[in-house]
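Lettered A, B and C in written order, each chain numbered from 1.
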Amino acid sequence: MTNGFTGTLAIKGIVLIIAALLLFAPFLFQDVRSIEVAARICIFIVLVASFDLLIGYTGIVSFAHTMFFGFGAYGAAILLKQMGPGWTPVLLGALAGVAVSLVMAVAIGLLSLRVKAIFFAMITLAAASVVLVLASQLSQFTGGEDGITYKAPDLFKPATKLLSDADGKVLRLFDVRLNGKLASYYFVFLSCLVLFVLMLRFTGSPLGTVLKAIRENEARAEAIGYRVVAYRTFVFCLSATIASLAGTIYAVWLKYTGPDTSLSFAIMIDILLMVVIGGMGTMWGAVIGAVLLVMAQYYLRDLMGAAAEAVASVPLLPELLNPDRWLFWLGIIFILLVYFFPKGIAGTVMARDRTT
Amino acid sequence: MEQLSNILGRMGGVNLLPVALAAVAFVLIGAPSSWVTLTVAGLAMGMMVFLMASGLSLVFGLMDVLNFGHSAFVSFGAFVAATVLAGLSGWLGAESIALEALALALAFLAAILFGLVAGWFFETVIIRPVYRDHLRQILITMGAMIVAEQTILAFWGGTPYAVPRPHFLEGAWIIGDVSIEIYRGFAFALGLLVFIAMVLVLNRTRIGLLVRAGVEDREMVEALGFRVDRLFIGVFMAGSALAALGGAMWAGYETLITPALGGELMIVVFIVVIIGGLGSVEGTLLGAILVGLMSNYLGFLAPKLALASNMVLMVAILLWRPNGLRPAVK
Amino acid sequence: MTLLSLTAMQTKIGQYAVLHDVGFDVPEGGVFVLLGRNGAGKTTTLRSIMGLWSPSPGSVHFDGQDITRMHTADIARMGIAYVPENMGIFGTLTVDENLVLATARGRIDPARLKRIHALFPALERFRDKQAWSLSGGQKQMLSVARAIIEPRRLILIDEPTKGLAPAIVDAMAEAFREIAQDATILLVEQNFNFARTLGRDMAVIDDGRVVHRGSMADFAADAALQDRLLGLAM
């Protein structure tokens, strides 16, 4: 602590750099794919951080996080499809998503009050899978497996000119067109920033301290007089609400919502990987985990494809290096991390403060 | 009211639930022949799910270990058995019942052996380091499930894999206007045999006594001088082998399998284990039969509802009995 | 001769230190009584001996051998039996199955069973009943019976009289006297009147520390000491 450069400081510095990169992303990386990656990172930071509220701050494992994400996404998607582009359907969709999420969260929370805590993971898994099946079956509302395509509010249309020059053409700033696409990205960035800061404030609040006490020693917290179950249900609801809002934001950005973008179990696994890799219970870990994994998703697969070709003559190895098999490697990394670095990157680096 | 519940209790209590369900379904379905077909299908499915679920339930009861990777044993069992059957397709085509039966037996045996070995590996390498740490247990076994599923994809590919089955199990028995698929009858009978064997082992042998006692109070069994952790490896391996056998039977039942099979069945298995009561073999059977019957009846009566039926069943039962129908510990 | 010897035991449960400094010697033969208020650390001491918690630092020696780091099952095999506070009965097993399970080889010595049935007639009457259906006193009898179904050198018994009817407490005292003729009993008690009639040596622990060691006769005669160490809990 005396040399002034601590692990905590390092992690915060990295997070700050990531935030700066995301803020200027449209100006720094001017191809379409990079902006996609940047927006996805923003969304997943919020999604993973809200999941971390649960797993990291209260120690309960839920497999229903994508379900809440999906409620928010489908809420906006269905209304944008039915009512046409505009802000009203987005707002109503967000509200509807949050409302449904809260009802489900309270229902699951109350049900698990009555049963052993260990059932929680199983019950949420079952609930999420039922919702996933329902979403692909009730195709008149949800578009089934194909999902729903719709238009975003007018402001976000690529043709929209935020500022125009004397000739009526869209104004360029540092060679970047100030059009609807840019507005759309900053909508994502700012909404996610607000949600993230809210969560950060929450974990720093007295309530966050109570949660940590509960995580450290449930029996003791109960003995001191905290109503553990009530707190847990509250955090579950809060986390569900934020996941649902993240879903709405993602739906507006993508202009498409389907099981694969919002509800699928693959996303749940992504979230788990991100929170474990980044580090549970730190909030900063969510940022690092989301960045690493989203980048890996977009770029590692290319690398694996090249590697698979390179070893094409070896048996089985090309099969395992096939870009479709990247989950295989992530799974192995995941297991090793849980064994050797259960605190993840952020937790491990920050823990050095206490030992040195 | 109390009298009524006493009478019901003496007649078998919660064990009557499947009978009650079947009776209600009989009235709703109306056609006896369809009802018989569906009931047999439900019982067969229940028995296969029971095989998959019983190990998970005992493993939790004994060591408080929750294995989210259990479905990997089911998937591997299905694919191993299917591969053996495909490899022995010459025997299956030889028109000799003996050879066909031998091929089937070998396929099941291969699945069981695989389950034993994989179970041993899983217990010693994956689970042992995280005993008593539920959070890491859930995460690690989940990770193992991902790796296992990807391994299946790498070996067998993502396209549906056709499972050849012996001719003598093809077709259906026709009794009057009732038709019963032979394979379903076979699956039910085999499942029942395994169940009876399990109950005998658990109630009549010393090992079984130790397992039952360990589910109730692990520390006390250790304080009496027994290494529950060593016992646990055996139970884990047996449970994995049973899951693999269940998967192998399921493969023959579906005849077309994909690597997603384990994950899809996992939800059903969890629901069965929860409503049966963790740690109880009889409870698991009860839960499995209920879920099997419910899925088949509702699949016929209201296909749209069938999707959520298991979930509704679970919620209803948990609201009524928070520890499941027949929890192991009184 | 010293049968069990605890030295400077410290035991943590999670992050919380429950035992700070527990050390005493239990001589072979008779009943050794461990007294103390609620939450003083008596149960934790027994569990630490049994290997159910591991003391660190500190050590447990049994019959001259260091058993501190041994597995609970191996400690039990050395001839130590444990009757926990919650009795540890397997409710879904029958009375006889509970007893069979407590034997190393699965065979009950008929002579010992006869002796147990003489001590606790209820266990013979309900031998085929599932243990959860027994009364509290009968469960306690079963738990003690399980501890003596095979010859043991040391029997740890945690508050056996808690919540029992006076008649059963008397029967229990009678049983302990007989058991103590060929085994050593380490008895944790809150009921001082029960303990004083049985104990030969004793120790008092308070807040995770041994605060008194001596003979029961001396302690029973010193009302001021009792009052200071055990307070109103008695």
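We adopt the following convention: a residue touches a chain if its C-beta (ideal position, glycine included) is under 8 Å from a C-beta of that chain, and two chains touch if they have at least 3 such contacts.
Everything numeric in this text was worked out from a predicted model, so none of it was measured.
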| item | value |
| --- | --- |
| Busiest interface, counted in C-beta pairs | A-B |
| Geometric centre: closest chain by C-alpha means | B |
| Chain centre separation (subunit A, subunit B; CA means) in Å | 35 |
| Centre distance in Å when subunit B and subunit C are each reduced to the mean of their C-alpha atoms | 43 |
| Centroid spacing, where centroids are CA-atom means, of subunit A and subunit C in whole angstrom | 54 |
| Interfacial residue positions of subunit A with respect to subunit B in the complex | 55, 59, 61, 111, 114-116, 118-119, 121-123, 125-127, 129-130, 133-134, 137, 265, 269, 272, 276, 316, 319-320, 322, 324-325, 327-328, 330-332, 334-335, 338-339, 342 |
| Subunit C - residues contacting subunit B, complex | 50, 52, 71-74, 76-77, 81-82, 84, 88, 90-93, 97, 100-102, 104, 106, 130, 132, 146 |
| Subunit B - residues contacting subunit A, complex | 60, 66, 68, 126, 129-130, 134-136, 138-140, 142-144, 146-147, 150-151, 153-155, 158, 263, 266-267, 270-271, 273-274, 278, 304, 307-308, 310-311, 314-315, 318-319, 322-323 |
| Subunit B residues touching subunit C - in the complex, by the definition given at the top | 206, 209-210, 212-213, 216-217, 219-228, 328-330 |
